[in-house]
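Shared between the two complexes below is chain A, which has chain B as its partner in the first and chain C in the second.
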Partner chain A sequence: MRRATGVGILEGLGRLDRRWLYLMLFVALGVTLVARPLLPESPSVFTRPVFARIESLARGAPVLVALDYSPASAPEIEPMAQALTRHLFLQGARPVFVTLWPEGNNMLQRLREQVFEPEFPDLVEGIDFAALGYKAGGRMVINALRQDLRSMYTADLRGVPLDSLPALAHVARLDQFPLIVALSGGTPGLKEWVLYGGDPTGTPVAGGCTGIGTPEFLAYFPAQLLGLLGGLKGASEYEAALAERYPALGIPRRAGRAMGPQTVAHVLILLFLVLGNLSYLRRRGPRRDGRRT
Partner chain B sequence: MKRLLPKVITSGVGILLILTAFGARPGDGGAGTWPVRVFDYVDRNFTVWFNILAVFAFILGGASLLKGHMQRVMQRRPDWPYSVITLVSFIAVLVIGLGKLGGPPGLQGEVTDPAAWLMVVFAAIYEPLMATLFSLLAFFVASAAYRAFRLRSREASVLLGAAFVVLLGRTPLGTWLSDLLPRGLSFLRIDTLSMWVMRVPNVAGQRAVLIGIAVGVAALTLRILAGRGSVEGDRI
Partner chain C sequence: MNPEPALSTSVEVWIGAALSLMVLSFLWRDNPCYKVAEHLFVGVSAGYWMVMGFWSTLWPNAIVKLVPTAARVTDPTAGLPAREPLIVIPLVLGCLMLLRLWPRLAWLGRWPTAFAVGTTLGYNLVRYIRSDFLAQLHAAVAPGLVIAGADGAVNWAATVDQWVLLAGTACALAYFTYTRGGQGLRGGMARTGLMVLMVAFGASFAYAVMARVAVLVSRLQFLLGDWLGLV
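What follows is the complex of A and B.
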């Protein structure tokens, strides 16, 4: 009787309306989003080189930061942009923000409101950092930057000529940056920065990308890509490393707090995988040769 | 001549750019022999010319969008009301952006200024729409995992096993579960296995694909440079 009930449940699972799955996922995500648990995290071999490189930067070193993402990928990439910018400012480096995406200027504005202004109010634009913004052309923009920064950007986003920005006083070309940080939600993005920026000039490229893009970019690690922050987990790992380095500062853990809902979603999807396949194997029954698969 | 001239220009510019990639010396300040100076000139200026052309591509793109959707509305083709929405949205955002409404005026006035209406459109409409569309993926993935990802073959079983390990290994739960393993079974740690899947089989496959594509692109480029086999060339 008990066996028959179990079989019935398995067969019933096969006919389960997908809206029940949506409801389960919605409730599970909703609860963890409200609870916002902070799970333990430690940097992986992909994240550690990026952190170490920024730690080793000299004070005043210019670092090119490419914000090539849009609101669609911002939940994954914006936390790493925040953590990396925070780290660069704490190290006394001078980030120079550019973007190959039209939405990039807006993402930079959000970064100003979320990190620059509330956490580093004493920083002066043009001296401690520079915001050059968006240029159309994708990889051709990178090619032009490789030759001459000022051939592509004559002024920053405020209209101030580049020659009067102390942050860029000793920078004329891409190879004069000790580091390129490319945060990428798609194309053009990290791949173009590696192929057209990092490889020809020998400038180290540190990357950040969505979780779904991580497997593709690992092909460039570690020879062409210094390190990679892969998805929300990469951002969470970087935040954890930063919090450990600066324990007194109370580093915000936006990605770390989002790992709870992501973990629940992953576990639920795994559960659906198992249940879906159990139901499938039950309905399919044994094959003629006696095997199920 | 109508066919030959474009092919000659394409081949000539292509060969020149390939030579430039090897011969240019950025940062030498125009020093060197005359071929190096030519390569430097090409390297410096062709990218800028491309960007000037890209600006015209924006105008062409906008004009093409307007033409296509206006025709659909005029001819009352299926789903024409969506075209009306597209046209109204396009024109409204274009006027707000080009006119720099609400923000600092003038050529250098930045449209991402917090007071600019374009920022309001971005924050109140564009951001929520993009976030909504992207977040729906979680529900589609959950449904696909339940209904489509089946153990139909040995290959599917391997794929499922890899997905299981990576999905669990990319969360702190994977590390926590692995900590429960006895020391002798540490090779079965989910986070270690997940890293292995990402670094070994995944990277091998990705690099094979990348190298294959690169060889294909090189072969296609050679055909174009030789004036044979390009789609554009055939049309010309």
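What follows is the complex of A and C.
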């Protein structure tokens, strides 16, 4: 009797309105978000080289940071942009921000409000970092930067000429940066920085991308890509490494906090998949040759 | 949970929350609220891109280079750049592209299209062959044994990983070889290649799911945190 009831429930699951699944997902995510669990995290083989490279940078080293993303991909990319920028400033490096996306300037502004101003109020623009902003042209911009930085950018976002910026005093071309950090939500982005920036000049490229882009870019690791922060998980790993390196600073764990709901959602989706398939197999019944399934 | 939850008093946050809920209402079924949000999104996006395209591309790269004093329109203190009359050529090509809107003159739009395709092809071909083909080939087949450090010790885990990758690539390529029958060694490789492809597609799909869930989590963070003040 109990077995028959179980089978009935299993068959009924296959006919369940999908909106119940959405509701269950929303409730599970909501509860987890309010509970704010912080799951244990450790950097993967793709994240560690990026962290180690930034740790090895000399004080005052200029690092090109490309913010090639928009609000659509910000939930995944912004936490890694925050963590990487935080790490660069803590190391005393001088990030030089550029973007191949029109929305990139707004993303840079958000980074100012979220990281630069509240956490590093003593930094001076032009000396400790430079914001060059958006230029149209995609891969052509990278090509121009490879030959002459000042042919593409004559002034920073404030209109201050590049020649009067101490942050760029010893930088004329792309290959004079010891590191390129390319955070990419699509095209143009990380692929272009690898193909037209890193490969021709030999400059190491550290990448960050959305979860959807990760399988494509993993093919470049480790020969053409120093390391890769893949989606929210990559950002969370980087935050964990930074928190371990600077335990006294109370490094914010924005991506780490989002990994709790993310994990709950994955478990729930897996459960739905298993139950859905079991229900399908039960309803399909015996095959023509008499065997089940 | 936030010990003192407080509803947002920001108009922007309320508009954002309302639009988020209107978009999410599609999960219930297609409805007028969703349509309003969808049309608003498309319209605002198109307008934003048009304005950005004009002021960040057309204005500095065409107008200012033809009429240097135009630089002072956006920045009264800006220095005057040198005039570049040759910029007329790409400007005319760009205008020709718009002629595709008039059927009688549409044929003129083929010239800038041909120019764009030709230059893009010529510019990208070498780089793609070097970085996306030769470098990938080299990375796949080069090291038989992966050396861990200066002492010359072999990293066996990385070595096995490398060989599995190489074997998987060979099997996946065998799956796409249709000129020979599917028997024997090649048939076995093709069947293994199919499994390799399935694993790769599965991993890609899993990453896509992860990305979508991350976006949903972010939206719920906004609704529960910025709007309702619960988080």
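We take it that the second predicted complex is superposed on the first by the 287 of 293 C-alpha atoms of A that agree within 3 Å, B and C clash if a C-alpha of one lies under 4 Å from a C-alpha of the other, contacts with A are read in each partner's own complex, and residues count from 1 in each chain.
Please note the rule applied: contacts are C-beta pairs under 8 Å (C-beta built on N, C-alpha and C of every residue); 3 or more make two chains touch, one makes a residue touch a chain.
This is a predicted model, so every value here is computed, not measured.
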Partner chain in contact with A:Leu123 - chain B first, chain C second, else both or neither: neither
Which of chain B and chain C A:Leu157 touches, first, second, both or neither: first
Partner chain in contact with A:Val194 - chain B first, chain C second, else both or neither: second
Touched partner set for A:Pro75, first chain B, second chain C, both or neither: both
First (chain B), second (chain C), both or neither touched by A:Asn277: first
Which superposed partner A:Ile9 touches (first chain B, second chain C, both, neither): neither
Partner contacting more residues of chain A (chain B vs chain C): B
Which superposed partner A:Val27 touches (first chain B, second chain C, both, neither): neither
First, second, both or neither for A:Ala169, with chain B first and chain C second: neither
Which of chain B and chain C A:Pro215 touches, first, second, both or neither: both
Chain B and chain C footprints on chain A, overlapping residues: 22, 26, 29, 72, 74-75, 136, 159, 211, 214-215, 219, 231, 233, 262, 265-266, 269
Of chain A, residues touching chain C in the complex: 19, 22, 26, 29-30, 33-36, 72, 74-76, 102, 134, 136, 139, 159, 194-196, 199-200, 210-212, 214-215, 219, 223-224, 230-233, 258, 261-262, 265-266, 269
Touching residues on chain C, where the partner in the complex is chain A: 1, 27-28, 49, 52-53, 56-57, 61, 75, 77-78, 123-124, 127-128, 130-132, 135-136, 138-139, 200, 203-204, 207-211, 213-221, 224-225, 230-231
Touching residues on chain B, where the partner in the complex is chain A: 26-27, 43-44, 47-48, 50-51, 54-55, 58, 108, 110-112, 114, 119, 122, 126-127, 130-131, 133-135, 138-139, 141-143, 145-147, 149-151, 153-154, 157, 160, 163-164, 167-168, 170-173, 175-176, 195, 198-199, 202-203, 206-207, 210
Chain B-facing residues of chain A, complex: 16, 18, 21-22, 25-26, 29, 39-42, 44-45, 70-75, 103, 105-106, 108-109, 113, 135-137, 140-141, 143-144, 146-148, 151-152, 155, 157-159, 172-173, 175, 211, 214-216, 218-219, 221, 231, 233, 259, 262-263, 265-270, 272-273, 275-277, 280-281, 293
